[in-house]
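There are two complexes below, and they share chain A, which is joined by chain B in the first and by chain C in the second.
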Partner chain A sequence: MKAVLNKRPFDAGHAAYVTLNGLLLVFLLAPIAIVLVFALNPMPYISFPPVGVSLRWFEKFFASAEFMNALWLSLWIAGCVLVLSILIGGGCALALARGSLPGRPFLTAFFMSPLMLPAILTGLALFQAYLLAGIGRPVWGLILAHTLVAVPYVIRTTLAVLHNFDRRIEEAAAVLGASPVRVFFEVTLPLIRPGVFAGGVFAFIVSFDQFPVSLFLVVPKGETLPVVLFNYMKFDLDGAIAAASMVSILLALSVVLVLERLIGLKAYVKL
Partner chain B sequence: MTSAAIRLEQVTKTFDGRVVAVDAITLDIAAGEFFSLLGPSGCGKTTSLRMIAGFEHPDSGRVYVGGRDITDVPVHRRDMGMVFQSYALFPHRTVVENVAFGLRMREVPRADIERRVAAALAQVALTGLEDRKPSQLSGGQQQRVALARALVVEPPVLLCDEPLGALDRKLRQQMQFELKELQKRLGVTLVFVTHDQEEALAMSDRIAVMNKGRVEQVGSPAEIYEQPRTRFVADFIGEINILDEAGTARALRPEKIRLVTPDGARVAGRVETANYLGGSTLLRVRASDGSSMLVRETHAGERASRTPGDLVGLTWSDQDTVALEG
Partner chain C sequence: MTTRGRPSPIAWLLAPAALLFVLFFVLPFGVMAAMSVFSGNPVNNPNAFLTTRHYERFVFDTAGIYHDALWATLRIGLITTIISLLIGYPLAHWMARMQSRLGHALVLMAVIAPMLTGIVVRTFAWMTILQDKGVINTLLIQWGLTDKPLPLMYNEFGTIVALVHIYVPFMVLTLTGVIGRIDERLEQAARSLGAGRLRAFVEVTLPLSLPGILAGSLLVFALSISAYVTPSLMGGTDVLTLPMLIAQQVGTSFNPNFAGALGVILLLVSLAIVIAYNRILARLSGEQGLA
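After this line comes the complex of A and B, so read on.
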């Protein structure tokens, strides 16, 4: 007997789908590839095509006290913002989803509003507010400013998890003898944690490459990495910028990977 | 295992100040009884169960378990077991951790927890799956974990909210047998919420049929089926013919009707549709006056089934009809 082979008909829709996705990927990844090429190109100015491979710009970046101070400051601030926005955003989301607050839609919109406001306005407004309040421009002021912009990301991801939360699971725990506090720590918290941390990753990244808000609130010698890079670019446009960008990208990527390993973000949250 | 009687006394629950979910119902459930709350969705059966569990607080009326007024006792101090339709297993915990949860909350010593969890898992035939997560289990297995988790704390009362609703038919029937056997063996008082009348008839010692927040009738499965008190009960449970005799409605089950020759029969008509059901065939007979009746023809005899278009006569004895209220 001869087996009948069904030839698969050409599927134009599928082909278009694959092509579109491919183009999007190229569009997203091409800038990173270009930055990498420039970071490794030993020419003293940004040029194409590259003439060789060298790590001189990375050496320059890591040898510069100015860059290193800015990098550590940025990491420190982003770490603080991560913790603060998880606590504040997680709490807000729980209150919005669970508390029977009056005017919930309004409150939600209010907490999300930093997302809709151009960050440059937030920066300017905070600058003026700090000035009027006589606070000056301390590091904690910068941390709070970043947190303000980052909190909506945590609220959003946490609300998404809470929205799909089967409350019967909490009820089951209660029937089994868990007091409301124990239900929270034994069931609610472990189940929303991936959503909260996914938001925390966004918060970290938002803070780490925050430019417009920082621009108004940093003091000389206390500038974050994006601000230092911007200032540097005004006078020099060499591969150190590209090397710094590569380091930033890798740092951000490793934060995402570490959190994914530790809590398995993708199991719960569609990023 | 100890079991406890449950009493709902004039219990009312309103939602949003308008929708009356449960309307002044009084129910007495005996210790060790398999008691079903049966009705269509929105009849108040789940709300009643949730008031026994303590998830809802009645607007008025009291709830007693084992003679003790527990109306104001919070959920976690009621010492009950509950099985949910969605199982509500803890997805982040293994089978063992799920089952151990209630014991851990009761601060049972670790060695006892291990022993009792193992026994509970053996009881529902889940030995060997201890370290799986709920997502790695089939629906039936999840159901068993939920059951073991509820029973391991030896609650005097087990509440079940459509626990078999998510299972396919075959598995569902098997679980019906298992649950009933388990309940009899343990002697636990079991309150079972379902909208499936067959399930309620098959499993219960007694059934409360609910409609629009009220209890229409309480009785054994046979009483509910054979002596429905109201038109709603008659209609909700199985197939029914409602006859109008001198202004009073009387219920007549399709299997109580005999097929005879048309002349001299109480009703003569033509078979309109014949639904073959395996063990029997359900016929819809259109009478000459335009009304239609359901007749169940069992396949015990040798004669061939009626087919649509056949002219038939129907007869029954008056003692097989039941007068209905309302």
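After this line comes the complex of A and C, so read on.
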């Protein structure tokens, strides 16, 4: 059967189908590749084709106090968001999956809803709330705002893992005499750990790349990297932006690899 | 198995999330709605009074810009959605029907990689491609196809191109799930009964993937009408959308009350879309809904 299939004559329809999809992949990936070209191109402004290879834009990026302050602030916030969303989201997912709560589908949809509502409105609403509360725009307010939009990712990956694992493992441990607390710490927790961590890494990226939620919540001189890049790009379009972009892309790529290592990318296919 | 009994102690783990969501999600949206019906800040301004004037300002639109902004937002969202569907469907179909696991993983990586790159960075990438001295115009001039650069950016065209690139992965992922669940043998049966490949696709696979098309389109539409970064960088002075208007009211006009009213209007449009999206997904996957 296979041999017969392989001997099929040249199939123009299929070739067109594969070519089309190849082109679409180029459309998806080329813009990201192009950023690298501009990050290495020594010309003082964005110009094509590139004339050489230099690291001057990376030097400019890493030497600029403005960019560096923003980078460290973004990393610090993303780190806090990572920890907070693992604790809050992991607990929430466990409660949803194992807590025998009434109205579970509604609760799940509710905790997912920050992903569905316009992020810029979440930022606006928090801005209004902080304004009314008269607390200014503190960094912890920004961290909690990011945590709010990052928690759904942790809930999703943790629920996916909880959904997949065999509940009988927990029941077996209980039958063998383990207390519920011991079952939780020695069976459930180790089993969901990859899902929780993968969600946490996702939460880190969501916070690190976050723009719409941050827009109204940052203070001058206390802006995160995406906001600084956005403001810079409104007036200047040079290789420093490309270098900064490259740094965040490399960060994201390494995260993808970590994710793939931890639980595989399948968990993200379920939107 | 206590699916119907009382909540178990583990339900308490929900408390931190519930607290976060009430204080930093439900309450702020309530504040936004409240601000939109006040003349000023009701906490520190004793003269602030209840008013519908922010909504009237939008509805009567004496300045003649708000309706245009709403219309531009919806138009850009609609065109972005249609193009994302046209681009996303072949990719999703390819991925769903791919036999090789490695090939599937690679395409999936290629689709997800842009999602993990920030919106600001991806918009920057398109600026370098579409601007006057960008990649496309340089090549076109070099090859003698045009004398002066084509206006690819600082207009609606550039905005839509970048938005499609940013949101097409969401379309692909939604569609892949749905197409993957369609039994391939149905198409094979149609073909063995004499239908050509195209006819089998149009009459079998396409109708069966309709819920996915609808869900993916609603998702991309909801995302693109709330985009801020891309229209404000790629649109130049040509494009003014609702989210840009909101940012203007907060940033330059400092009118948080009118911004609140605009926010409520955008929220209502989004909510309608989200509810429709959830209905479709719930019908697709039983009770699971968004999870």
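FYI, the second predicted complex is superposed on the first by the 226 of 271 C-alpha atoms of A that agree within 3 Å, B and C clash if a C-alpha of one lies under 4 Å from a C-alpha of the other, contacts with A are read in each partner's own complex, and residues count from 1 in each chain.
Definition applied: a contact is a pair of C-beta atoms (placed from the backbone, for glycine too) under 8 Å apart; a residue touches a chain by one contact, two chains touch by 3 or more.
Please read all numbers here as calculations on a predicted model, not as lab measurements.
Colleague: If chain A is used to align the two complexes, do chain B and chain C fit next to each other or clash?
Modeller: In the arrangement built by aligning on chain A, the partners chain C and chain B fit side by side.
Colleague: Have a look at where A:V139 lands relative to chain B and chain C in the superposition and call it first, second, both or neither.
Modeller: neither
Colleague: Between chain B (first) and chain C (second), which does A:L55 come into contact with in this model arrangement: first, second, both, or neither?
Modeller: Neither: A:L55 stays clear of chain B and chain C.
Colleague: Quick check for you: in the superposed arrangement, does A:V35 touch first (chain B), second (chain C), both or neither?
Modeller: Touch status of A:V35: second partner only.
Colleague: Consider the C-alpha centres of chain B and chain C from the C-alpha centre of chain A, and write down the angle between them to the nearest 10 degrees.
Modeller: In the superposed model, the angle at chain A is 100 degrees.
Colleague: Figure out whether A:L176 sits in contact with chain B (first) or chain C (second), or with both, or with neither.
Modeller: Touch status of A:L176: first partner only.
Colleague: Looking at A:P102, would you say it contacts chain B, chain C, both, or neither? Reply first, second, both or neither.
Modeller: Touch status of A:P102: second partner only.
Colleague: What's your read, chain B or chain C touching more residues of chain A?
Modeller: Between chain B and chain C, C touches the greater number of residues in chain A.
Colleague: Closest pair of CA atoms, one in chain B and one in chain C, after superposing: how far apart in Å?
Modeller: 7
Colleague: Quick check on my understanding: which residues of chain A belong to both its chain B contact set and its chain C contact set?
Modeller: Shared contact residues on chain A (touching chain B in one complex, chain C in the other): 180.
Colleague: Within the complex, which stretch of chain C touches chain A?
Modeller: 2-17, 20-21, 24-25, 27-29, 31-32, 35, 41-44, 87, 90-91, 94, 105, 107-114, 116-129, 131, 133-135, 138-139, 165, 168-170, 173-174, 176-177, 197-198, 219, 222, 225-226, 228-229, 233, 243, 246-247, 250, 256, 259-260, 263, 266-267, 270-271, 274, 277-278, 282, 287-291
Colleague: Chain C touches which residues of chain A in the complex?
Modeller: 13, 17-18, 20-21, 24-25, 27-29, 31-32, 34-35, 38, 45-49, 87-89, 91-92, 94-96, 98-102, 105, 107-122, 124-129, 131-134, 144-145, 147-148, 151, 155-156, 159, 180, 184, 205, 208-209, 211-212, 215-216, 226, 229-230, 233-234, 237, 241-242, 245, 248-249, 252-253, 255-256, 260, 265, 268-271
Colleague: Show me the residue ranges of chain A that touch chain B in the complex, using the header's touch definition.
Modeller: Residues 166, 168-169, 171-180, 182-183, 186-187, 190-191.
Colleague: What residues of chain B sit close enough to touch chain A in their complex?
Modeller: Touching chain A: residues 53-55, 74-82, 84, 86, 88-92, 101-102, 105-106, 146, 149-150, 153, 159 of chain B.
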